[in-house]
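Right after this note come the structures.
In the two complexes that follow, subunit A is the common piece, with subunit B as its partner first and subunit C second.
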Partner chain A sequence: MRDDANISWDSLKRDRIERIQAAIPLVKMGKEVDASNAVALLETVIKPYDKVNIEGDNQKQADFLAKSLCEVDVEKIHDLHMVQSSISLGSHLDLFEKGIAKKIDFSFSGPQADRLARMIDQGTIELGDIHTYLELYARYFIDLTPRVALVAAYQADRNGNLYTGFNTEDTPVVIESVKFKQGIVVAQVNEIVDQLPRVDIPADWVDFVIEAPNPFYVEPLFTRDPALITDAQVLRAMMAIKGIYAEYGVQRINHGIGFDTAAIELLLPTYGEELGLKGKICSYFALNPHPSLIPAIESGWVKSIHCFGGEVGMENYIRNRPDIFFTGPDDSLRSNRAYAQMAGHYALDMFIGGTLQIDKYGNSSTATAERITGFGGAPNMGCDAKGRRHSSEAWLKCGQEYGMREQLTGDMPRGKRLVVQLQETFREKLAPGFVDRLDAWKLADKAGLDIPPVMIYGDDLTHIVTEEGIAYLHKCASLDERMAAIRAVAGYTEVGLSADEAETQALREKGIVKTPEDLGIDITKANRNMLAAKNVRELVKWSKGLYEPPARYRNW
Partner chain B sequence: MMSWKELQNTSFYESPARERAIGLVDEGTFKELIAPIDKFTSPHLPVLGEAVCFDDGVVTGVGKIGTRPVFVISQEGRFIGGAVGEVGGAKISGLFQVALQLYDKIVDKYPNDYESRIPAVVFSFETGGVRLHESNAGLLAHAEIMEWIQKCRNKVPVISLVGSKVGCFGGMGFVCVATDLVIMSELGRIGLTGPEVIEEVMGKKEFDSTDRALIYRTTGGKHKYIMRDCAFLVDDSIEAFRNQIEEVLKMPYSEIASYRSIGSLELVEEQLSLVGLSTELHPKDSKDVWRYFGNENADQIQDLYYEDFMNSVKIRPRGGR
Partner chain C sequence: MALQEMNFTFQAKGDYESIPEEWSHTGVVGSGDLEILLRHEDLGGKVEAKIVTPVKGFDDIWEKVLSKFVESNKVGNVVIEINDNNSTPFIVSMRLKQALAEAKGGIL
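Coming up: the complex of A and B.
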């Protein structure tokens, strides 16, 4: 029996109240704190060893709060444990160099991948775990709940209501975990206004609001200029549409970001139309608002898109297409990464994307020995969702064809998600797309990771599309057969050169490997003239002037 | 390879050098000189461990437009950015030489009736200038080409086309505007120092090379047209360029020469007066200059489609300002 007299059940709550009271002198009006007091506020509400989240999403960044945290007195605040989805800014890592933070748990670190690897190597950063987005959000509610969250929004009112609008992204899930576990939420906003267009986060859930000196930074990550799509990408896209989308009647999809998938999007109104596939494929997406999808949307292919985040330049277009996108009462996009990832994990029939390396077993990774990039959200979509119980045409057909199903579950029918990798046999600078052993092993060794960072595991991968052909890996009855199918489409790489002609021929007869000729695709037709838009300006034209691309894409 | 008819409607911007060359002259008339099959390749690149190209990055040949022999030079941006090396440079010089020889022969043979028969040189630029791997030879080639252009004066019209992916930069920027006239599409770009180099040397504040809209405002076809650095602005198709060449070839030589940017005291004074204007006007952006020359819609100009632009644009008056 515990001695009730000596037990407190509300220490977190009392601690929160103490911290907030200590910060009251810094508050100007309502919940507003001047930007000049930002550092003082953080020194007041954050304590050493706290778990702290800086909102660093895939796109928007609480950059002013990140910079302010770098300026706190290290005597007052040190050894923080950062938990954040993205390490995007230099300031995110400066914290560790200054001794303000010590440990990190995260998902994605694309732009800072080199420096992160070096700092882990030097012992400046203690690495917790590298997660997918959904995993990290899950752990916010289990054992990685931040004590303090530093978030970003477009606007706030003086009561602390937040408008996160177009780039809502991670804000709701972060605040949900922090606020309801007696934590503290500080928001930087671009401006404080009297009336918000809509309320995304209610004032109750926000403790302090700071009008940042500059608007938060957002990177246009999902714009692919059609002018850079190659003929080889057009060919792979045609093969994917005919050999996979049409073959399985794939309706619910996520497209990884890349030129291969942009090519597919731009072929729907041309090649897709020619094959009579409108309405039969590509109706529903969990997807960022890719500008390259505009021609397909305008041609009536797409019924619905739920977005992880926004995309610079697409604001006005989305505002005018509310039947397609999820928008608020103010008509602007409501993105939400946690829900989109959930949708991506459970409600999709197919994930299709590109990668850096595929090994001879079909495992793939974007890791190199010198960079720790993390995962982001792809693995939650590039996998078979084992908890899935609802059925769909594509899912069921893929499961029926699954060559190892009987060995695993006997005669019990079960579907399977299509997980497709589009791969050029040789990538930029002649780097082979197929390798004997992934560079991820070297990275695991160097950074002391428990396991090599694999984006998509071989047993989840169902199809590989290269310019040589499509390998229908899930049809294979053994790992040996699977490896032979990979070799058959791996071209002149080390892996491909070990292919046996007779073996490849046998796989073609079984329908496990299909070349462009097997698919009835005329290679001479596979060129850029097939694209519904050949450059960004044509996308603007398709959008009827509603898409407003950022200056870096305005090639005219 | 596309048929000649298909080529006509193809984007000039996207077309490789050979397709441009074939499509710019009359159907079935193009004959390539020093073709890939002759394998004249750079002697310098293998020393550096670099791949060679059987045409060394430039297509040279001759075809016809109506009654006129038209010598075509077409640079290939996909091979080392269309940069000019020793072999490619010699092919270009050689083509000018052949054009002049033919001119002399024709004048000789038809002393009273040669105007409708004289050859022209059409130069489709897609280049960053000197090929740094063979810089001395490349620079020398630039000088030689300049000299050939001067030798052609008052004999063989030399027409520049700029509308390809790489644009026309470096030393070739000089060469391009030293010809009789320049035809561009709005996607064409002419400049000396490339945007990335300006940014590297002068800083991002001076010139942000990731700002493509800024690059087009500064070096693109619309700006060059307003400034009279290009004589004709055409749509982005091989056919549009070809039609414009055809129109130019119908002009008397004196009219063609009236589009020159350099080569007389008058033209030097015109250029100097523009330098004077820039010191008075202190333009922060091309839009300030467009406005100065009477384009009230300077903010919209970049987004105007071709027809709307041509119908509304006001260009710099002759003589300077």
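Coming up: the complex of A and C.
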């Protein structure tokens, strides 16, 4: 028997109450704290060695709170363990240079990838793990629960209810984990109002609200100007539509970020229409509101889109298309990264995107030796969800074709997620898209990672599309055959130059490799004129003036 | 940026065909793109190629791309002049096919 007299079962709760009471002198009214007291508030509610979350989503950033945290007295607050989705702002890393924070667990670090790598190399940052979004959220509820969350919302009311509106993103999942484990939630808002358009976070999940001096920063991450789409991208998009979307009848999809998938979206109303595919493919998406999808939506291709986050300029368009998007009683978009990632993992038939490097086995990575970019959400969509039990036409067909199924599960039928990489054999500056060994190995060595950061593993990858052809990798019966199929579409890269002509010919006869010619596509006819919109202005026209692109995309 | 020049000579196996016109010009030297001049010239069936490009160190790939073009399209008695601005090998082979198609009657 334990000595109950010496055990406390509510130390977290008592600690929370102590911290909140200590902050009472800083509160102006209700939960409201003046921006001028932000640093003092953080010095009061955060303790050394705490796990702290700064809401840094793919798009929305709690930038004022991040900056304020950089200004705390390092004598009072130090050695924090940051747990956050994204390392997007300079201030996220300044914390480590100042000694305020020591360790980080995160998911994505796009804009700060170089500096992060340098700081890990110099020992300024202790790296925990690099996660996918869904994986990091999962750990918030197991062993990485933040003690304090610093979140961002558009508006708060006088009681502390929050409106996260168009860019809800990660806020609900972060607050759920913190608040219900006796943690503390501080929100920065663009304004405090009497009446919110809708309540996204109820007031009793929020401890303090600060009206920030400036609206929070949002990155237009998913806007691709059609004017920059190349003929080679049009060709790969045509091949994907004919050789994969049509072939499998793919209805439920996530498109990665990039010009290749933007080209696919812009070919649906033209080339897709020509092939008679409307209603047969591309009806449902887990997707950020890509402006390049507007022509397909307006032409009646799309039934439903659930969004991870918002996209600057798409607010009004979405407000006017509630049949397509998930919107609130106030008519604005409800995005939610946790639910969209869950949907992306379990309810999609296909993930299709691009990458930096694919190795000779089919493993792919966006890591280079000098940059730690993290994963974001792609691996949860770019994999076969092993817990999936429902079926669909595309999933069943891909499973039937799976060349190694019998070796693994005998005669038991099982479907397979389509995981497709669109890859230019050479990128700009003639960097090869296919390599013998991924740069991720060098990075793992340099940054002391347990394993190289692989975005999509070869055994999950089902198709590679290059200008040379499509490799239907899942049809292969062995790793040797897969490697031959990869070589066959790797063009003039070193991997491609090692292809054996007779072997490639045999793979074509088996339908494991299909060239543009095999697919009935004339490459001399692939050009930008086939795009439903050729520039941002035409996207605005398609949207009937509802899409309002950011200034940097307006050149007319 | 310093430009460099490469010259290659090819000979298709078996039959070959030149272009019907005296010359044909296609493409523009935009970023990541190239212009191609095809000229009919009696070279005893050979193809002569001259490439001007800012890209260094990819001579063998240029040779392979051009050789494959000559071989698979059975080209002969043609001079190919290319002004390149950082095209990828695929863009080069696509533009070559387009240039040949145009020279043979503009089926684009």
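Simple rule for what comes next: the second predicted complex is superposed on the first by the 556 of 556 C-alpha atoms of A that agree within 3 Å, B and C clash if a C-alpha of one lies under 4 Å from a C-alpha of the other, contacts with A are read in each partner's own complex, and residues count from 1 in each chain.
By definition in this document, contacts are C-beta pairs under 8 Å (C-beta built on N, C-alpha and C of every residue); 3 or more make two chains touch, one makes a residue touch a chain.
On a predicted model such as this, the values are computed, not experimentally measured, just so you know.
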item	value
Superposition on subunit A - do subunit B and subunit C clash or fit	clash
Partner chain(s) touched by A:I7 [first = subunit B, second = subunit C, both, neither]	neither
Subunit B versus subunit C as contact partner of A:K534, first or second or both or neither	first
Touched partner set for A:R554, first subunit B, second subunit C, both or neither	first
If touched residues of subunit A are counted for subunit B and for subunit C, the larger one	C
Touching partner for A:M29 - first (subunit B), second (subunit C), both, neither	neither
Contacts of A:E468 with subunit B and subunit C, given as first, second, both or neither	second
Residue range of subunit B overlapping subunit C upon superposition on chain A, of 43-51, 241-249 or 277-285	43-51
Residues of subunit A contacting subunit B in one complex and subunit C in the other	none
Contacting residues of subunit C [partner subunit A, same complex]	32, 55, 58, 61, 64-65, 86, 88-91, 94, 97-98, 101, 107-108
Residue numbers on subunit B that touch subunit A, as the complex places them	10-11, 14, 186-187, 210-214, 216, 220, 302-303
Subunit C-facing residues of subunit A, complex	230-232, 235, 424-430, 466-468, 491-492, 497, 523-526
Residue numbers on subunit A that touch subunit B, as the complex places them	227, 528-529, 534, 551-556
